[in-house]
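Note that chain A is present in both complexes that follow, paired respectively with chain B and with chain C.
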Partner chain A sequence: MKPIYINKISSFDYTVGEYTGIPCAKIADPDYKSIISNANMRRRMSRVIKMGVSSALICLGNQADIALDGIITATGWGCLEDTEKFLNDMIKYDEGSLNPTTFIQSTFNTIGAQIALLLSAKAYNMTYVHRSLSLESALTDAMLLLNEGKQNVLVGAFDELTSSSFTTLRRLGIYRNCLAGEGVNFFLLGTDKTDTTLAQIKGLTTLPTGTNSDSVSESVIRFLSVYGLHPSDLSLIALGKNGKLASDRIYDEVISILALKDASVLLFKQTCGEYPTAMAFGLVKTVEQLSSNSEVGSYALLLNIDEAFGSSLILIQH
Partner chain B sequence: MNQLIQTLKEQLIEALNLEDITPEDIETSAPLFGDGLGLDSIDALEIILILEREYGIKIDNLENAKEVFYSVQTLADFIDKNRK
Partner chain C sequence: MIKVFVTGVGVISAIGTCLDENMQALRLEKTGIGVDKYLSTKLQVPVGQVKYSNEELKSLLGLNTDCIISRTALLGMLAAKEAIIDANLEFKTQKIGLISATSVGGIDLSENFYKSFREDPNSGGNLEEVLMHDCSASTLAIAQHLGIEGFTSTISTACSSASNAIMLGARMIKAGMLDTVLVGGTDALCRFTLNGFNSLKLLDEEVCRPFDQNRKGLNLGEGAGFLVLQDESCLSRTPYCELTGYSNVNEAYHQAGSTAEGDGAFAAMTEALRVAGLQPSEIDYVNVHGTGTPTNDSSEGNALKRLFGNQVPAFSSVKSYIGHTLGASEGIEAVYSVLSVAKGYIYPNLNFEDSMVGLNLYPATKWEENARIKHVLSNSFGFGGNNSSLVFSAIK
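== the complex of A and B ==
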């Protein structure tokens, strides 16, 4: 396996939003006009598309002309605002003629396509919609591409929270005891270490559904052993604890079983809330914390438990 | 006719999400596509929906589309003649 480096990252700050008086984690919208200069493209973009395209452009920064070998995006929900508008219009106009823009922009791969259009990037372009394992699928694809000889792959994850999705998911009990959230993050991955390299992705794996603390702990130990590591070698562990009693109990028991030695614990969902690709924000915060507070060569592990759709582990080295 | 032109400009701005543009910024006789406002084929479809929803004009086959969609003035003339 070739080394996979995270050469650049981008993330937005959060602000406390609210729906029907209930707080949630919302992206603090930047000045999109200053980031996406093409007004004709910008005027058709919904909020999540602006968020995604802006994040990608910020990630590339002054390397916007870099030869990308792939643009891979991940989302659990897709472009909800346009989807909701399109579906509402279907009812409002009795399934008559519908607006083309909301239809075109409602598809899951819109953001990957808009980035490619803006950058005139004709390389591989793929979007993964695998619920809470969307980011992991995108990263796996990027790592396979890079191992096939490609050099630079842009990977991004996005999910937006809307009033309708909040109301619906809340009714389903998704946000019971946990903060609703949204997020968009991008990563420039490459096989070459550069001046901007922040960390290396050593490996990632997914765990089956219906996990318990014993099976997760065993999976962590087995996963680390592949890289010749023991839980005590970790400097940082990032957990997807979100306030839900059942999964939080598993996290606590796993931490106890692993007997970590001096590892810092990062609870990233306290900031970004719960959403399908929250691991992307966890990855950003892990990389930032590891690269600023830990010695070169130190390791961090990200663990996200989703009993319904599958859990995941990502190992990072500074 | 002046009221129709003013309303049409407001509808175009809203439907096409034309940022930082007011009705006064749109020249009534200036081209909508290419030069002028720089609209494209997707915008043409959005304008067809304005005609259908706001003025009851259903377009199945518009042979003289290029002339009708040329400017706000030509669109307003078309609406004035065909609205229900």
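== the complex of A and C ==
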């Protein structure tokens, strides 16, 4: 496999929001007008579309004319606001004559398509909708593309929290002991190192459902050994701990089993909250911390545990 | 160079719950498009509905009829199971994967949930009906039903979703990441998409007429189609054919429309041929996207003329049998394309009378078998300019 470099990153700041008095982690909306200059397109966009498109444009920055070989997006929830609006109209107007815009924008590939439209990017365009492993699918695809001879691939992950999704997920018990969150993060990946290169993605893997601390630890050790590494070689480990008692205990046990040496521990969901593509924010924070605090060549591991759907590991090198 | 072989197929659609039923209906020119039985929609439009209720589908799968599970998942489980059995597969290899595609996910259930939820968000609606809202829920249900524990993923690129699932599977085999992978797509009819396409004024009130001058629009359909793709080193049976070409391009023109010249369709077909290492003249049959909407068919027709000139090979659309099955369409139609290569089938394009003015394109209108078919090109084009083509080739 060729080396895969993270050449640019974009991520938004967080603010404390609330639904029915319960705090949650919300993106501090930037001034979308100054980022998406096409007013016609911007006006039709729902919030998550603006979030996604803005993040992509910021990620490319002054390189908006770069020849992209692929745009790969990842989302667990998709465009909830447009989906809900259309559903609401459909019920309210009893399947009468409806505004098609929200329907068109409800599809999961909307953001990838809007980015392609704005950039006239006619290359590969893909959208993964695989819950807590959506980002991992997108990164796998990007690594494949880059190994097939492509050079620059934009990968982005987004999920928005809406009043209805918060209420529904709270009723399902998802936010018991756990901060609700949302997020949007984009990465420009390439096979060539540039003067903005932040880190290298060494590899990633997913673990099946129903994990316990022994099987996760074994998987971590096996995964690291593929790269000739041992847990004691890690400078940083980022954990998807979210306050849920059962999974937090697994993280704690894994950390003690792994016998890390001087690795610092990063808990990113305290900032971004829990949402399907939260690993993308974890990746941003890991890369930022690794590239500013550690020596060149040092390693970081990201671990996210989702017992019901599947866990994942991502290995990063400064 | 690792080759990718098709060793299993499974399909469920408005014209049958298994491969044999689908082939029989295609042969007999029996459309599956008719009056809706299960949706309780107000829209009076014909649909390509699978002829079983959810309870009947659950019985077919041996599931408890009381369990709450999306129709999208049920359809997917049936087709995926047929493909696995057809491929003679045993789940001994760790590397077996599942890549499924869907455009609606479990919205057939969540639209019920939402009806009560919007009245009373804090306690309205049965929560069990929203558990399968997201797209991956159907993939997980298929994986659990079949005992697949390897790599899984879910793709949603509107109407080209299943094509992209097939393409990813092929690329992962070529990269040595998987040696056996179940790929395809599933989508159930629901009021959400029916009303969506109705709001776009894209629905025909009669059975659709792909590539006909007087076409009025599309019929929505539902179903699922899956292929088992395998690397040469671990074939579980004699393969049907090889998957030689694939493409994924974006037209970057309009969120819901395509260029009159068919730029995206042309690029998708050209790229798939390039990957397959074939000249246009080597294609023997094209399974066109052919939805029956005025814009798709003229733009795809233009792309065919640009690619093949005056030598357009035999082509047809099966949408007047099964409707447009959205995220499942290339799953189902890939199964048909595989059989076309393996058995020399050419499928009739029903309801065709007059060629589109200025294009002079005549789809195949008669069932053919034992036709000399070495390479089949299959198209699917979606919202967001997401266009894909696949090439299936006879084994050398």
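Methods note: the second predicted complex is superposed on the first by the 318 of 318 C-alpha atoms of A that agree within 3 Å, B and C clash if a C-alpha of one lies under 4 Å from a C-alpha of the other, contacts with A are read in each partner's own complex, and residues count from 1 in each chain.
Heads up, the rule we're going with is that a residue touches a chain if its C-beta (ideal position, glycine included) is under 8 Å from a C-beta of that chain, and two chains touch if they have at least 3 such contacts.
Remember, predicted model here, so these are calculated numbers, not experimental data.
Superposition model on chain A: chain B and chain C are shown accommodated side by side without a clash.
Of the two partner chains placed around the shared chain by superposition, neither chain B nor chain C is touched by A:Gly282. When both complexes are overlaid on chain A, the residue A:Gly240 reaches neither chain B nor chain C. When chain A is checked against chain B and against chain C, the one touching more of its residues turns out to be C. Shared-chain residue A:Gly52: touches no atom of chain B or chain C. In the superposed model, A:Pro100 makes contact with both chain B and chain C.
When the shared chain is aligned, chain B comes close enough to touch A:Arg43, but chain C does not. In the superposed model, A:Ser164 makes contact with chain C only, not with chain B. By the touch criterion defined above, A:Phe309 lies against chain C but remains apart from chain B after alignment on the C-alpha atoms of chain A. Taking all C-alpha atoms of chain B against all those of chain C in the superposed arrangement, the shortest distance found is 8 Å. When both complexes are aligned on chain A by C-alpha atoms, chain A residues 97-100, 104 touch chain B in the first and chain C in the second. Of all the residues in chain C, the ones that touch chain A in their complex are 41-43, 102-103, 105, 107, 111, 114-115, 117-118, 121-123, 127, 130-131, 134-137, 139-140, 149, 151-158, 164, 168, 171-172, 175, 177, 191-192, 195-196, 198-200, 248-256, 267, 382-386.
Residue ranges of chain A in contact with chain B, taken from their complex: 33, 39-40, 42-44, 93, 96-101, 104. Contacts from chain A toward chain C in the complex involve residues 71, 76-78, 83-84, 86-88, 90-91, 94-95, 97-100, 103-110, 112-114, 116-117, 119-131, 133-134, 137, 140-141, 144, 147-148, 163-164, 167-168, 171-172, 206, 208, 276, 309-310.
Within the complex formed with chain A, the residues of chain B that make contact are 15-19, 38, 40, 42, 45-46, 48-49, 52-53.
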